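The same chain A turns up in both complexes below, where it pairs with chain B and then with chain C.
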Partner chain A sequence: MSKKYSMIENGAETSKIKKFFQKDFSQVIIFAIPMLFLAVFLLYPMGITLLRAFWKPASYNFKFTGWSLDGFRQFFRTKLYLKSLRNSVVVSTSVTLLTLLIGVPMGYCVARVKIPGKKLLVSLGILPIIMPSFVGAYTWVILLGKNGILRVALNWILNPFGIKIPSIYGMFGMILCMTLTYYPFVFQMAYGAFSGANALLEESAMLMGAGKARIMRTITLPLIIPSLGAAALLVFVRAIGNFGIPAVIGGNNYVLPTLISFAYSGDGDINFSSSIAVLNVAITAIVLFVQKYIVSRREYETISSSHVEVKQHEGVGARVFAIILCLIVLIFSLLPQVTIIVMSFFKNWTGLLPTGFTLDNYISIPRKAHRELFNSFFLSIVATMLCAIFGSILAYITERKKPKGASLLDLSIMAPFILPGTVVSIALISAFGGNSVFKLTGTYTILLISYMIRRTPYVYRSVAANLTQLNPSLEEASTISGATWFYTFRKVSVPLIMPSIISGSVMTLTTLLQELSTTILLSGARTRTVPILIYNAVLANSLGQASALSTVLLIVVFIIIYAMNSRKGTNLASSMKM
Partner chain B sequence: MSKNVRYENVNKIFGLGTKNEVHALKDISFTINEGELFCLLGPSGCGKTTLLRNTAGLDTITSGKMFYGDVDISTIPPYKRNIGMVFQSYALYPHMTIFENVAYGLRVRKVPNDIVTKKVTEVMELVGLQEELKRNPSPTALSGGQQQRVAIARALVYDPDVLLLDEPLANLDAKLRRYMRAEIRRIQKATNITTIFVTHDQEEAMAVGDRLAVLRKGIVEQIGTSDELYNQPNNAFVANFIGKMNFFNAHVIASNNEETVAEIDKTGIRIAIKKERRHVDPLVGDVVLVGGRPEYLSVSSEDEDDSIPGTVRIIQHLGSFIRYEVEISGEISPVTLEIDMDSLQKNIHEGDKVYVTFDRNRVALFSPEGRDL
Partner chain C sequence: MKKALAVLLMLAAVFTVFAQGAAEADAAQGAKTEKMELYIYTGGTIDECQALIDAFNVKYPNVKCQMVQDKSANIPTRIINGEEADVIILIAKENLDSILDYYVPYKTANDALVEDVYKDSEYRYYSISMPLQTIMYNTEEVKGDMIPKSWFDLADPKYKGHIVLTSPSTGSGYAQLYMLYKLSGDNLELAKKIAENGTTYLPDSTTGPAAVERGEFWFTLTGEKNVATAMAKGSPVNYLYPEEGTGRRVEGAGIIKNGKNLEAAKLFMDWLTSTDGAETLRSLGRRSVSSAVAGPDYLPALNEINFFEYNDAEAASIKKALQAEFNTYL
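Presenting the complex of A and B:
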C-alpha cells in the first residue's frame, strides 16, 4: 500500500521536472535582462544619489563623509541658490502657460479651419524641437542682442507704445527661447486631439441645439484635456530640466540644472550636486502628481464606431486669422534655423548684418571636428539600436504578458523621462565615478548607458501605444498555428509594431544627436560629441564655426525625419506621450 | 488524423484567491466525437468562449483534464497541440499576402516550399478562393466573407487534429452569415476534422452542428442534436434558449408513473402531461411550469372552453407565419406570450381582447428553476 503511494508520488515528481523543461523560458530570460539593466544603471544610481544628498558636502571626495543635512541647509541659506530655485519655477511655469497659449489655438486652426498646406504646417511645426535648444539660444543673441536686427526693428515698431525689448540675457531670453522651442509639443498634441475627435459627439450636440461656443466649452475642450495635460507636463519637465538655454543666455540667472552642473564641474562636490538634484526631482514629482490628479478624473474612453470627418470652419475671417497666426508663430520659431544657416557662411554677426563671407567654417570641420563627428554618430546610432531593441521588448512584455510588478517596471522605464539630464548624469557619476569599483566616467560605455536610460521611453511608449491597438488574437493565431513565443514575436509582432519602433527610434536618434545636458558631465576628452563642441564654440564666441556644425546636425536630423515621414504609419507624437 | 476531444471535470476559476473570483467553468465533463461538428451555445458570459480558449490552450484550466484522443493535453502549450482556430476578428496578418497568411502554419513547421505551394493551393480551392489566390492580394483588400474563408484555410492547411471556430460568423451580414454557415458545414464534412463551433445564435448552432451543448453560467445544461434539444429540452432554460417557449405558472394535482396532472394557476385549467413530456419529477402540490411553443398556442376572438383571456399587444407579419404577442394576467404568466398562427386572424387587431388556447398534447412540464434567462 505504502509502496504504491510512493510510486505515484515519484511519477508526479518526474512529470514536474519534465514540465519545467518543456516550459518556454525565452520570455523569462528576455524579461530578466532589461530588469537587471534598469536595476544596475537606474535604480542603483538614483538610490546612491538620494543617499548622497544627505551626506556632508565635500569637494573631490567620493568617500562616505557622514550623514548631514548640510547640503540642503547650505542651499536654503544661500541667496544665489534660492534665487536659482525661484528662477527654475518661474521659467518652467511661464513656459508651460505660454506654450499652451500658442500651441492650442494653432492646433485648433490647423485642425479645424479650412486653410491650405496643412501637412506642410504640421511638418514645419515640429522643426523647432529637432534643433539643439542652446543653438536656438545663441541665435536669439544674434537677433535680439544689443545691436541685433530684430531688436532694432521691434524697438522701432514698439517705441511709440513705450515698450522696450528687455535684454536677451536673463529671464526674458530663457522664457522666449524655451517657449519657441517647446510649443511644438502642445501644437502637435492639440492638433492630433482636435482633428482626431469624434465628430459625431459634436454633431449630436449641435442637433440638440447647442451653439458653437457651447459645443466648444462643453464637448470639444473637456475631451481634449487629457491630451493637453500630457503636453503641458511634457513641456514643464523639459523646461525645468533644460540645461543648454540657461547655460548660454541665462547670464547670472542660474537655474537648477546649471547649478548642478557648476556645483559638480566647478567644486567637484558630488554630494551637494546630489542635494540639488533631489530638489529638482522633487519639484518635477509634485507637478507630475498634480497633473495626474487633474487628468485622471477626466480620462475618457473614446467610443467611436464610424469615422466621420470633423467639420471645418470655412468663413473668410476665420481662415485669414488662422493663416496669420500660423505664419507668425512659424516665422518666429523658425528664425533660429534660418539665422544659423546664414551665420554659418560668415565670420561675424555682431551688428545688424553678418560680415566677412567665408566657407572656412565648413572647410575646417573635418580637421577640427572629425573625432566629435565620429563620436556623435557612433554613440547615437548604437544607443538608438539598443533603445529600439530594449524598448520594444519591454513594451511587449508589460503590454502583452502583464507580469506581476508590471506597473513597477513601467514606472522605472518612464522615470528617466521626467528626470533632467543633469540629474541622470549626477546619479551615474555617483555610482560609477571617482573611487567606485566600476569606474566608467569618461568612457563610451557610460554615455551609451545614460543615453539608453534616458531615451528608452520613446520607443517604449510608442510601441506600447501601438500594441494596445493591436488585436491580441493576431498573436494567438500564430501560437495556435504552432509557433513558439519567439517565432511569433519575430514574424508577427515585430513586423506589426515596426512603424512605432521606427518613430520611437527616429525620435531617439534625432534627440541624441543633439544631446548636451548629460554628455557635458559624462564625456571625457576622448568621448566629446558635436553638441559639446558647438557649446564650447558658442562660449568662446566663435559663432561661425558653431553655426556650421549646427547646420550639419540640422541637415542630418531633417533628412532622417523627412525619410521617416514619407513612410506610412509612423507617428512622432506617439513617442512623446507619457 | 482527426481525434475526439474529451473533458473530465474541467474547472476554470479566474482571479483565484482574489476578491473577484469568477468560476467560469464548473466541472465540465463530456466528449466530442471524432469528425463531429460540435456547437457550444449559450448566452454571453456562459463560458463557451472560455471553454474554447482553454481547449486551444490560450488559457489554462484550473483543474480537471482535457484529452485529444488518448493524449492528456491539459498542460501542453498551445503551439504543440496541433489545432486550427478561426477567430471572431479573423486575425489575418495585414503585413502578409493571403498566400503567406495561409502558409504560415506550414512555414512554422518548416515544410518544403513545393509542398507549401501545393497544400495552400489545395486548401484555397476547398474554401473557394482559387481566383483570389492568383492575384494574391493583402487580406485587407478582401471582403468580409473572403477574409473569413482565408482564416478557415489558414486554420486547415496543416491538417490540425481539432478545428476551433470562435463566433466565426459574427462579423458578417445576415444573408452572408446564412450562406457561410452552410459553407462551413460543407468544408467540415469534406475534411472530417473534429470541429468545435462557438456561437450565441441558436438558429446558427441548430443549422450547423451535428450536436450542440447548451451552456449556462459555466455549466453544461444539455447536449444533443438540434432535434433533441428542440423537442426534448431538459429544463426551462434550454427550452426557452433553443427556440421560444411560453410558460404558465401551475401546480401539480396528481401524478403517477405514466402522467402528471397540473392545474394552471387562477384558471382551473387542468392538463394531463405524459411522462415523455415531463422534465421534472413532481410531487402533488409542487409548483411547476407548463410550457408550450408559440406554434402550439392559438388565439381566438371567441371564448372557448379552457381558454385564457388576454390582450393583443403587437401583431407581427413574419412571412410564413403571423406572430401575436398577447398579455395575460401576470399571475398566470408574467411575460408576454408569443403565439404563432399560420394565417392572419381577420377580426383580431392590436389592442383587442382575445382568448388563448393550447394544444394539450404538445405542452410540457418543467421545474420553475431556470425560467429566466
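Presenting the complex of A and C:
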C-alpha cells in the first residue's frame, strides 16, 4: 500500500517538475531583467545618495564620515538657504500656473478651432524645450537686458501707458524665461487631450440643451484634468530642478539647484549636496502626491465603440482669436531660437544689434566638433533604441500581464522623471566612480545607462497610454491560437502600438541630443557631446560658436519632430503622461 | 517598428564606421614613433586645452592627448573619486592643495626656470599662471571721475545697484571675498558694505563679465584674462587694478597618481614649465608665472601691478566661517 502511495507521490512529483519546466518563464525573465537593471543602476545609486544625505558634511571626501543630521541642520539654520527654498517653491509654482494659463487655451485653439498649419504649429510648439536652458537664458539677456532690442521696442510701445519692463535679473526674469521654456509641456498635453476627448459626450450635452460654457466646465475640462495634472507636474519638476536659468539671470535669488552646485562645486561636499538633493526631491514628492490626489478624484474613463471627429469651431471670431493667440505665444517663445540663429552668423552681440558678420562659427564645426557630433548622435540614437525596446516591453508587461510588483516597477521607471538630472548624476558618480567595484565614469556605458534611466519613461508612458485604449481581444485571439506572449507582442501588439513607440522615441531622441546636466558630470575624455561644447563656448563668452552648434541641433530636432507630426496617429503628448 | 529600427541601426552603424575610420587614421600617424597616451584634466576651457595640446604635439607628436574639462573646483572631486587623470592643469591653488595625497612628485626638467614661490616644496605641483583678480568696468557707462581708484570705492552709494560679483559660495567668489577680508584688516566690513550697496551676487563666475560687457552692470571682479578676451573682441570694457593692489593668486598643474601614463605626463610637465609652454599660455591671454615671458596682450606687465598678501592656507582654513558670516548679509 505504502509502496503504491510512494509511486503515486513520485509520479506527482515528476509531473510537478515536468510542469515546472513546461511553464513559460520568458515573462518572468523579461520582468526580472529590467528590475535588476533598475535595482543596480537606479535604486542602488539613489539609495547611496539618500544615505549620504545623513552623513556628516565633508569637503573632498567620499568615505563614510559618520551619521549626522548636520546637513539638514545647516540648511534649516541658514537664512540664505531658507530663502532659496522659498524662491524655488515660488518660482516653480508661478511657472506651473502661468504655463497652464498659456498652454491650455493654446492647446484648445489648435485642437478645436479650424485654423491652417496645425502640424507646423504643433511642431514649432515643442521647440522651446529643446534647448539647453542656460543658452535660452543668455538669449533673454540679449533680448530683454538693459540694452536688449526687445526691451527697447517694448518700452517704446508701453511708455505712453507709463509701464516699464522690469529688469531681467531676478524673479521676473526667471519666471518669464522658465514659463516660455516649459509651456510646451502643457500645450502638447492639452492639445492631445482636447483632440482626443470623446466628442460624443459633448454632442449629447449640447443636444440636451447645455450651453458652451457649461459643457466646457462640466464635460470638457473634467475629461482633460488628468492630462493637465500630468503636464503641471512635469513643469513643476523641470522648474524646481533647473540650474541654468537661475545661474544666468536669477541674480541674488538663489534656488535649490544653485545650492546643490555651491555644495558640490564650491566645496566638493557630496554629502551636503545629497542632503539638499533629498530636500529637493521631497518637495517634488509632496507635489506629486497632491497632484495624484487631485487627479485620482477626477479620473474618468470613456468607453465608446465608435470614434467621432471632434467638432471644430469655424466662426471667424474664434479663428482670428486662435491664430492671434498662437502667433503671439509662438513668436515670444521662439525668440531665443531666432536669436540663436541670428547670433550664429556674428562675432559679438553686446549692443542693440549683433556685430561682425562671419561664417566662421559654422566653418569651424567639422574641425572642432566632429568627435562631439559623432558622440551626440551615436549616444542619443543607441540610447533611444534601447529605451524604445526596454520601454515598450515593460509597458506591455505591466499593462497587459499585470504581474505582482507591477506598481513597484512602474514607480521605479517613473522615479527619474521627478529627479533632477544633477541628482541622478551625483548618485551615479558616488555609486560607479573610480573607487567602486564597477568603475564606469567616463565611459559610453555610464552615459547610455543614465540616458536610459532618465528617458525610458517617455516610451514607457507613451506605450502604456496607448495600450489602455486598445481592446485586448486581438491579442487574446492570438494567445488562444497558441502563440506565446512574446510572439503575440511582436506580431500583434507592436504594429498596433507603433505610433506611441515612435512618439516616445522622438521625445527621447530630441531631448537626449541636447542633454547636459547628466552628461557634464559623467562624461570623460572620449565621451564629450555637443551640448558640452556649447556650454564651454558660453563659458568662454563665444556666443557665436555656441549659437552655431545650437542651430545645428535645433534644425536636426525640428526635422525629426516635423516628420513625426506628419505621420498619422503619433502624438508627443502621450510620452509626457505621468 | 522594423523600418524605424533599421534606420536607427543604419545610422548607428554609419557613425561607428566613421569613428573606426578616424581611429585607424590616428593609429597610422602614431605608429611612426613610439605611441604614448596622456589624459589631461583641465579647469580651463576646451579651446585653451586644445591649444596647449597642439603646441605640445609640435614637439611630441607621438603623445596622443585626451582631455576632460570641468570646473577647477570639480577636478579634485573627480581625482578623489578615482578617475584616471595623468595630469591636471589650470587648477586654482586652493583646489590643488585639496588633493595633496594624489600627486606623483616630479621635479621638471625646467625646474630652474620656475621661481621657488611658484612651486610646491615637495614638487607635487607647479604654478603655471596667475588668475589675477581685477575690476572690469564698462567704458560706455563709467567714464572720467566715475572710474573708481580703490577697492573701498565699490561701497560708494553712487555705484549702488551697478555692481555684479560672483557668490562667495563658489571657488572664485570666495577668493574675492578673502581678498576683501584682507583689505579690511581681517574682517568683512568692506564686503558687507559692498553687499549693502545693492550688489548682485551671481552663482556662476562666467556670467558677471558677460553682463558687464553688455552694460547690464557697470563693474565686476574677475580674472584679468576675461577682460583681455573681451577687449580683444572689441567689447566696451577695461580693467582696473585698484591702488591697494590685488592678491597674488596662482593656478597650477601636477601629475596625478591615478594615471597610467607617467612618462607622457612627465614630458607634458617638462614642456608646460618651459618657456615654450609659458609663451603658449601667454598667447591664450593667461599671465604666465615665468618672468621671462611678457604679460598677455591688452594687460599690463607684472611689475606694473601692486600686490597684497594672499595666504592660501589661511584662506582655506577660515573659508566656512567667512562664507557663513557673509551669507547673513544676503
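One rule holds for everything that comes next: the second predicted complex is superposed on the first by the 509 of 578 C-alpha atoms of A that agree within 3 Å, B and C clash if a C-alpha of one lies under 4 Å from a C-alpha of the other, contacts with A are read in each partner's own complex, and residues count from 1 in each chain.
Here, contacts are C-beta pairs under 8 Å (C-beta built on N, C-alpha and C of every residue); 3 or more make two chains touch, one makes a residue touch a chain.
Remember, predicted model here, so these are calculated numbers, not experimental data.
On the superposed chain A, the two partners chain B and chain C both fit, without a clash. Seen from the C-alpha centre of chain A, the directions to the centres of chain B and chain C diverge by 160°, a value given as a multiple of 10 for the model superposed on chain A.
Applying the stated contact rule after C-alpha superposition, one finds that A:471 touches chain B and leaves chain C untouched. When both complexes are overlaid on chain A, the residue A:566 reaches neither chain B nor chain C. Legend: residue contacts after superposition of the two complexes on their common chain; A:266 is shown touching chain C, with no touch to chain B. Within the superposed three-chain model, A:492 lies in touch with chain B and out of touch with chain C [touch as defined at top].
Once chain A of one complex is fitted onto chain A of the other, the partner contacts of A:78 are limited to chain C, with no touch recorded for chain B.
For chain A, the partner with contacts to more residues, out of chain B and chain C, is C. Within the superposed three-chain model, A:484 lies in touch with chain B and out of touch with chain C [touch as defined at top]. Closest approach of chain B to chain C, taken over C-alpha atoms in the A-based superposition, is 12 Å.
Common to the chain B-facing and chain C-facing surfaces of chain A are residues 495. Those residues of chain A that touch chain C in the complex are listed here as 59-62, 78-80, 83, 138, 141-142, 145-147, 169, 246-248, 250-252, 254, 258, 261-262, 264-268, 270, 347-348, 350-351, 355-356, 370-371, 374, 377-378, 381-382, 384-385, 388, 429-430, 433-436, 439, 441-442, 494-495, 498, 501-502, 505, 520, 523-526, 528, 532-533, 536, 538-542.
Chain B contributes residues 56, 58, 75, 77-80, 82-85, 87-89, 91, 93-95, 104-105, 108-109, 154-155, 158, 164 to its touches with chain A in the complex.
Those residues of chain A lying in contact with chain B across their complex are 19, 22-24, 471, 473-474, 476-484, 487, 491-492, 495-496. Taken in their complex, chain C has these residues touching chain A: 1, 4-5, 8-9, 11-12, 15-16, 18-19, 22, 39, 45-47, 66-71, 73-74, 76-78, 80-84, 98-99, 167, 169-171, 173-174, 200-204, 206-207, 209-211, 213-216, 226, 229-230, 233-236, 258, 324, 327-328, 330.
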